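Here chain A shows up in two complexes: once beside chain B, once beside chain C.
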Partner chain A sequence: MIPAALAIARVKFVLELRRREVIFAMLLFIAATIVIVHFALSGDTGAGSRAAAGMLWAAVVFTAVLGLLRTFAAEQEEGALDALLLAPIDRAAIWIGAALAQFGFLVVVEVVAVPVWWVLFFQAGGPSIGTVVVALLLANIGIALVGTLAAALALGARTRDVLLPVLVLPLVIPIVLAGVTATYGAFGEEVGGLRPLGFLALYDLVFVALAWGTSEHLLGD
Partner chain B sequence: MEPPVVTLTECSKRFGDRLALRKATLTIAAGETIVLLGPNGAGKSTLLRLVAGLLRPTAGSAQIAGVDATSAPRSLRAGIAYAGHRSQLYRGLTARENLELHARLQGQRDLDITALLNHVGLGDRADEYIDGFSRGMLQRLALARATAHQPALLLLDEPASGLDADGRLLLDATLRAGLGTRTQLVASHDDGLPARLGARAVHLNAGSLA
Partner chain C sequence: MRSLGRLSTTIPLVLSTILIPLTVALAFWWTPEDFDQGLSQKIFYFHVPIALTSYVAFAFGAFSAAMYLWKRTEVWDLRSYVGVHSGTIWGTLVLLTGPIWAKASWGVWWNWGDRQINVFLILFLYYCAYFMLRFSLDEGERRRSASAVFALLGIGLIPLSFLAVRIAQTLIHPVVFSTGGAAMPNSFLLTFLVGFAGMLSLMVLLISTEMRGKRTAARVLQLQRVARGEDA
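Here is the complex of A and B:
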């Protein structure tokens, strides 16, 4: 199953490199959000750092939704999803391949956006970057898994562009809460040690198991 | 692998208020070729997608080799090929890259893609993105994709649409090559195709098999 998933993810990366449809829009959105909030909070030295931490996570989630809207777009253009469904592969490979691509897109976006966020908000010292990076990576896995699952659910709906955020956003609220808590912890606040990171890892595991068991049916008729 | 036998039993498919297929009963023996004829909207595509397992019947059953088509195991899916109205290819990839992906997913490491593209007349366009391909070229490539893994069951939905004269000859030759050796179900508007192939014709009208 892994080779099939990697082949599908590779195709999505190749298409993105050639078309630049998803990552560019995601980058533009997250950069605009960070810059706008920076100007909105400038001068507020008290709550600024905490607000900046929360803003990063909100921006990541909404940016991810932007990318998720295009999850199966390439497969729908010429009906390639039919060929994938009929291929002698575990259908979970289709979902894992798409999730891997979404994970990769998020990482690329964050590699650019997080340094910008850091420079704009934390010139005088910020959170432990290691904790923030680990939290983001764990969150990316969860968002990609849940988001791709929701994209598969919304695939047959005429209103999928509206339906997808409705499905995804409630499911990723726990990720945002844990991410924000982990980021506060990275500032040195007492938030229960590694508990938020552990929660994110557990969330990822639960959705791997859930999606694994349901992808055969979700991606069918 | 034992060629699959297709069995539709009282099979119906409803899309909202519209009944696309009405209690269709059809058996296709191993190695048999059937040409499905009928006007636009008769339900030919729906029937093919039910056989392929890409749609679930609203009532009745669609089985391949005695197994519900929608839950066909990987071993059975390996022997099925379906080419529909759309090419089922990735527009942003080249012709060669599309076939490479197909071969990888089918587990065919030794597929001679150059020979396959030459066979369908696309050898000189192998490394072009299919974005710029005409309808006929996409049909040729879709035919190459569908037959590349030597399927035991070949399902083609109006495969001649968009094809030029040479393309139609290629299609006829492909179907002839499969006579008696693989099970073939072809939806077509070409009334002369069953006679040309010596195949059984089945008529579908307003969702009902004649």
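Here is the complex of A and C:
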């Protein structure tokens, strides 16, 4: 089960290294989103501002959705999905592998985007980076999980590309709420200490459990 | 079986025709006017029961989804769909009556500081997406399971949204309007309960009527196939 999931994730990484389809697009997208939000808020995103914190989370979530659009694309185009479904592995391994890959893509994008965000908006007086990193990592797990789940549900839908954002975004609203709160905390605001981070961990656990329980019905027959 | 099906619409029909007008009567002629909010508080007897009814309908949809995944019979899929459908209809009413009350008592159409309405908005957005998912999949086993899984995930989303809104809110915006305070007088509580029972029976009526419609449609389709000489 775990080896199978890891193998699937590895395949996705190798494919991405060769084709460079997803990560590069995500990077450009997150940059454009940050610029757009910055100007949409009339540039009111100076150092230490809450808007700058919120902008990061909005950009991360939308970028994640962009990446998710390609989650099962390769498998579907080449017909590998049927083979995977026939393979003597647990169905859960397929979405765990896909979620792992998605998590990895998000981390790669954030490794580039977060330092840039930081330099652009907080030359001085930025939030404590440790909290932001932990919050992002926990959020990435949640986003990758529910995103992959939704992508699996939308497989075979006629309007898949339009459908996926509509399915994923309401599910990740709690992540954004907690992530933004955690980031305010990182600015030194009194926002209940570790509670937002604890919530993100809880969110991950709940959806791991729910996805696990329903994974058998996820990918079709 | 047929008489049972008829009862499942007749009883809620009778109950809702009695209880909903009764709520109006009790709310306007029996309960005293609220000391703080005056006449506008009367919408409480409709808005809150509608909101609770909507949650009950969504819960029924999710429960039926779980039953579908377990039993794999089409009727549970239909029940799940009808439950979510009904929940969305009641949800629309919640989102219409909520702002009216908010405007009357707080002076704003929408209050981002109010916990319930924000959670409800997330849930409403989520279950609206259910219809997009369902109707962009071709009819069949795949659509039934995908819809069921999606309907079921909402059960995880409700408590998580409550928690998230709470974490973000008590800390970011102070809760201005506390829901606590003095206990409700008995006449308020009774009118509210009558209202809730009325809305619930109307929901049951809508659900069982829609179920009957769906079943009849399926039966007609089947008969048409037989008439054309295809396999029933």
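Observations
In the analysis below, the second predicted complex is superposed on the first by the 206 of 221 C-alpha atoms of A that agree within 3 Å, B and C clash if a C-alpha of one lies under 4 Å from a C-alpha of the other, contacts with A are read in each partner's own complex, and residues count from 1 in each chain.
The criterion applied here is as follows: a contact is a pair of C-beta atoms (placed from the backbone, for glycine too) under 8 Å apart; a residue touches a chain by one contact, two chains touch by 3 or more.
These numbers were taken from a predicted model, which means no experiment stands behind them.
In the overlay built on the shared chain, the residue A:V11 is in contact with chain B alone; chain C does not reach it. When the shared chain is aligned, chain C comes close enough to touch A:P174, but chain B does not.
By the touch criterion stated above, A:G156 is placed in contact with chain C alone, chain B being left untouched. By the touch criterion defined above, A:A135 reaches neither chain B nor chain C.
In the superposed pair of complexes, A:V206 makes contact with chain C only, with no contact to chain B.
For chain A, the partner that touches more of its residues is C, with chain B and chain C as the two candidates. In the overlay built on the shared chain, the residue A:D90 is in contact with chain B alone; chain C does not reach it. By the touch criterion stated above, A:D82 is placed in contact with chain B alone, chain C being left untouched.
Under the contact criterion defined above, the residues of chain A that touch both chain B in one complex and chain C in the other are 220-221.
Residues 3-4, 7, 11, 14-15, 18-19, 74-75, 77-80, 82-90, 220-221 of chain A are the ones that touch chain B when the two sit in their complex. By the touch rule above, chain B contacts chain A in their complex via residues 52-56, 70, 74-75, 77-78, 80-82, 84-93, 97, 101-102, 104-107, 129, 138, 145. Of all residues in chain C, only 69, 122-123, 125-126, 129, 132-133, 136-138, 141-142, 145-146, 148-150, 152-153, 155-157, 160-161, 163-165, 167-168, 170-172 touch chain A in the complex they form.
Residues of chain A touching chain C in their complex: 146, 149, 153-154, 156-160, 162-163, 166-167, 169-171, 173-175, 177-178, 180-181, 184, 189-192, 195-196, 199, 202-203, 206-207, 210, 214, 217-218, 220-221.
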